[in-house]
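First the structure, then my questions, so here it is.
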Amino acid sequence: MEKIKPNDNVLFFYNDSKKWLMRVAPKQKFHTHVGIIDHKKVIGKPYGIAIKTNKGKLIFALKPTIYDYVMKSQRSTQIVYPKDLGYIAARIGLQSGFKIVEIGTGSGSFTTFLASIVKPKGHVYTYDVDENFMAIARKNIEKAGMSKFVTMTKLDIKTAKKMPQKDADVVIVDLGDPWVVVPQARKMLKGSGSFVAICPTMNQLEKLAAALRQNDFFDIECSEQIVRTIEARDGKTRHSFRAIGHTTYVAFARKVTTPASLRKILEPVEQPEVETEEIESSEDESLSTVKK
Amino acid sequence: MEKIKPNDNVLFFYNDSKKWLMRVAPKQKFHTHVGIIDHKKVIGKPYGIAIKTNKGKLIFALKPTIYDYVMKSQRSTQIVYPKDLGYIAARIGLQSGFKIVEIGTGSGSFTTFLASIVKPKGHVYTYDVDENFMAIARKNIEKAGMSKFVTMTKLDIKTAKKMPQKDADVVIVDLGDPWVVVPQARKMLKGSGSFVAICPTMNQLEKLAAALRQNDFFDIECSEQIVRTIEARDGKTRHSFRAIGHTTYVAFARKVTTPASLRKILEPVEQPEVETEEIESSEDESLSTVKK
Amino acid sequence: MEKIKPNDNVLFFYNDSKKWLMRVAPKQKFHTHVGIIDHKKVIGKPYGIAIKTNKGKLIFALKPTIYDYVMKSQRSTQIVYPKDLGYIAARIGLQSGFKIVEIGTGSGSFTTFLASIVKPKGHVYTYDVDENFMAIARKNIEKAGMSKFVTMTKLDIKTAKKMPQKDADVVIVDLGDPWVVVPQARKMLKGSGSFVAICPTMNQLEKLAAALRQNDFFDIECSEQIVRTIEARDGKTRHSFRAIGHTTYVAFARKVTTPASLRKILEPVEQPEVETEEIESSEDESLSTVKK
Amino acid sequence: MEKIKPNDNVLFFYNDSKKWLMRVAPKQKFHTHVGIIDHKKVIGKPYGIAIKTNKGKLIFALKPTIYDYVMKSQRSTQIVYPKDLGYIAARIGLQSGFKIVEIGTGSGSFTTFLASIVKPKGHVYTYDVDENFMAIARKNIEKAGMSKFVTMTKLDIKTAKKMPQKDADVVIVDLGDPWVVVPQARKMLKGSGSFVAICPTMNQLEKLAAALRQNDFFDIECSEQIVRTIEARDGKTRHSFRAIGHTTYVAFARKVTTPASLRKILEPVEQPEVETEEIESSEDESLSTVKK
């Protein structure tokens, strides 16, 4: 059974809004509103153990997961939340071994999540232009133990003469104007590779989708992800009062190649859209058979 | 640039509801409502290439992702959808290298998703009791190329005398009565490891949450995941008419250990619940300062 | 107890997607997929009675409500759905006695709903330019018995020299370009009266909100209304699989008057927006008190 | 143009979370965080006028709507929110002239909303057992000017020997155990009249739905209503960060009568449920036509 050692990162967990991720040091006593957490009480104990604060509150010492590192990352900018990270991973079929290009490192929490999945043979190449953000990101990635699977470079992809990567499985864009780098992303992607962009506003989705269509991307999906928590309690089960209204929208697409010879015959693809009106249409045929 | 070879799995994509995942064979001609897809037209071409059916419709030949394998898996039972798979992955911090125990193999699509992330050094141990389901699951897992990272065993975990695994990072349960195997899951998990269960009904969530609390699990979260697609079109951006109302709820928890000596002092943890009523309460203090 | 009489409108209800609203005639036999409904079986019976079709299926004869008239209205254009109608009514505090101006009569189902609430002393003045739509609307309003409380006029409010109404409690706009009639709506509204517009796209909301701010409207709220049905069944309660992804967004505002003398001091009102990031910030103060 | 008079109720509106509903008095100066609101500045002015606080902030003086009275009602218990009130009104086709029975008066805000629509010829008969709640409710109803259309009685419907009303268009139940009064509600309803219950938990929905089915109610719908606000701003349109996760679920049903002679032939009605799995099934028939 794995024991907690000095210098391990530990998540001290009181409740969902009171939890602290820190490196364990034998002499450290950490002051909180629910009492003092004495680090030496957990050293040598198995992960998951409960300890008591001096105020008699129970605190659990958990082994941090990537979820915890993401939620507790130091933030230079708005982070991408697990609900969005998760759907992105599933929607593009992110897997161990993938080569990822990330344009816009931000706080590095998305980078950390990506690296944790593509490791050990895959890699994340991440590009940003803000050295202050990059310094924070570097710390977050290192804290989560993912530095080995990430290469961070200061480079403005928008103006770069030559693309620094090619044959990427996925290009992820987290910029205010993601449509600007669509051609660059296309060059770095392998055939039928996935493009993803973080778009906090509807206007970004609209501009980006237009740019994707113009640059021979297909299977374009724009979406928002909503997680609603449920309080499951004996005889009183209901959704939580607490909710988050919005974090970001996300756009997905796959790089395709339409030869010029086929372009001519290209016609608008019929979208399989269900009209809400159909729901009520079932009786129409019957109405025509009314007899007296 | 990667070329399509005979026997490759290819996703032929017309639109989001007309797409076919199949093994490419030089002599195969596949009949669809939008015309015949002639396989030999794509062999030797790069992934992402468009071809024309005999009816003049464009079809793209994409390299299937795990998303495509999940959505196109042969189904013995209801599958877990990408929106739920993704949030599970992000919520538990699923990463390459994890050891996973899956109780209830079902159609094997969840197994495939898990294996694609934990590979190459992690592993999924999956258990089921229905040989028919297992045969289908085996085919789905193999088609996606994940067999090497999965061990499938016929075993009823509910009645097993001895647990077949220990020190798992994650135990995932997809049974109709997930609460029954909570003690078994606990035995197989490492300290502070994650428990996940697929619960299509509110009643399952309620029974399971009670069992988790009784078996020293913590950080219990029940949730539902909703993905709403958005049609991003110039000047006409709006949510899609089409929607899915429900697939499943999901329950999460982490294994903890509360020593008997601390149990006595255990008191109900204050949940950080926001009352909706608070939203309107801001003026109350002002009201008390009314002066005439 | 109220009995069904010849010429009454009756809703024959088999299930939620098989129901028919029709005028009862003694000799009528209505053919449906679940058998023949013989009208004379219900005449003289109390509302709510079940009858049997010749195929042995039960059909209930219900007294139609305004909900039924809305859902069964003949449609020239997309209708406004009850989930949206209802929230509009509650959000603006629609009540019996109100004077309503409706710009864009459409199929008249919204008009019917409004009239059913403002009657008998209130009134709905509705304006449209398409005589074909107006003819259909007139039939729908008449069928629901609301003609007495509605005045329908062919008039293009966009180009009208003089506004046909004033001191309206509410102006409701259902046009493709609702921002065009904001000044006209303002003229017809009484002080602090409510403006409502049906906006199927985000782009309409954005343009309209700008126009409202420029025309001295306040308390602007844009929203979407979602109704999720729940299958409440013993031990198997869950949300319905069936769902509607989108019907329309709605914009609300109240007419205000900012005297020129106060405009100078006008500054952007601080919006009480909760940043999602705050959710995780609770431990920050504690972190600063770390001691070794 | 309607002018503000002394003793009028006025909604002083700074922003959506800072607004105050109060009776205007010439000498009153109301202290708020955004400065002092001097009542005499609005007297004699038209509704909708802006005034300045001593801190230079703009406050609008609005004529309160029923929405404002509901949101600002003094609360003895949790209120029913406009998003739920509105959907209830639309779903049951609530209209002017209806006779309503309300079991559980609560804070009287729902009563106020109902009365504002059914007036002047309709009426709300409301029953409660808690005199303290009733006193608060009476004040809220009176403040909104609805007393004339409401009869409030102290009576425990659960144990009443004789029902105090009959032929109601609608019976609304807001009790913790709504299933207990289903037979009583049935007695007070007219044929095919509507039953509504406020159910904050899934367990209540489940028990109530069973009771409704056992008591010859039909067209049972359980639902939750969600309103998501949207910040419509030039080039930055997106959903609000702020959200409410849950208020209540609502159950609807209509009273029907199945004669004993027909009961025998009663069989489960086929529900028009769409399986999510169908979404992916479109290619199946094509697969069977594969040719080599």
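For clarity, chains are labelled A, B, C and D in written order, and residue numbers in each chain start from 1.
One rule holds in what follows: a residue touches a chain if its C-beta (ideal position, glycine included) is under 8 Å from a C-beta of that chain, and two chains touch if they have at least 3 such contacts.
Note that this is a predicted model, so its numbers are computed, not measured.
Although chain A and chain B share one sequence, what matters here is the overlap of their interface residues, and that overlap exceeds half of the numbers used.
Looking at C-D alongside B-C, one finds more C-beta pairs in contact between the chains of C-D. Computed centre separation for the pair chain B/chain D is 38 angstrom, with centres defined by C-alpha atoms. A separation of 16 Å divides the Cα centre of chain C from that of chain D.
For the pair chain B and chain C, the distance between C-alpha centroids works out to 38 Å. Multi-chain contact residues of chain C (touching two or more other chains): 17-18, 202-203, 206, 224, 228-229, 235, 237, 240-242, 244, 246, 249, 276. Chain D makes touch with chain A in their complex at residues 200-203, 224, 228-229, 235-246, 249. Of all residues in chain D, only 1-2, 13-18, 46-52, 56, 58, 60-70, 82-83, 85-97, 113, 116-121, 167, 190-194, 202, 205-206, 208-210, 218-235, 237, 240-242, 249, 251, 254-259, 262, 265-266, 269-276 touch chain C in the complex they form.
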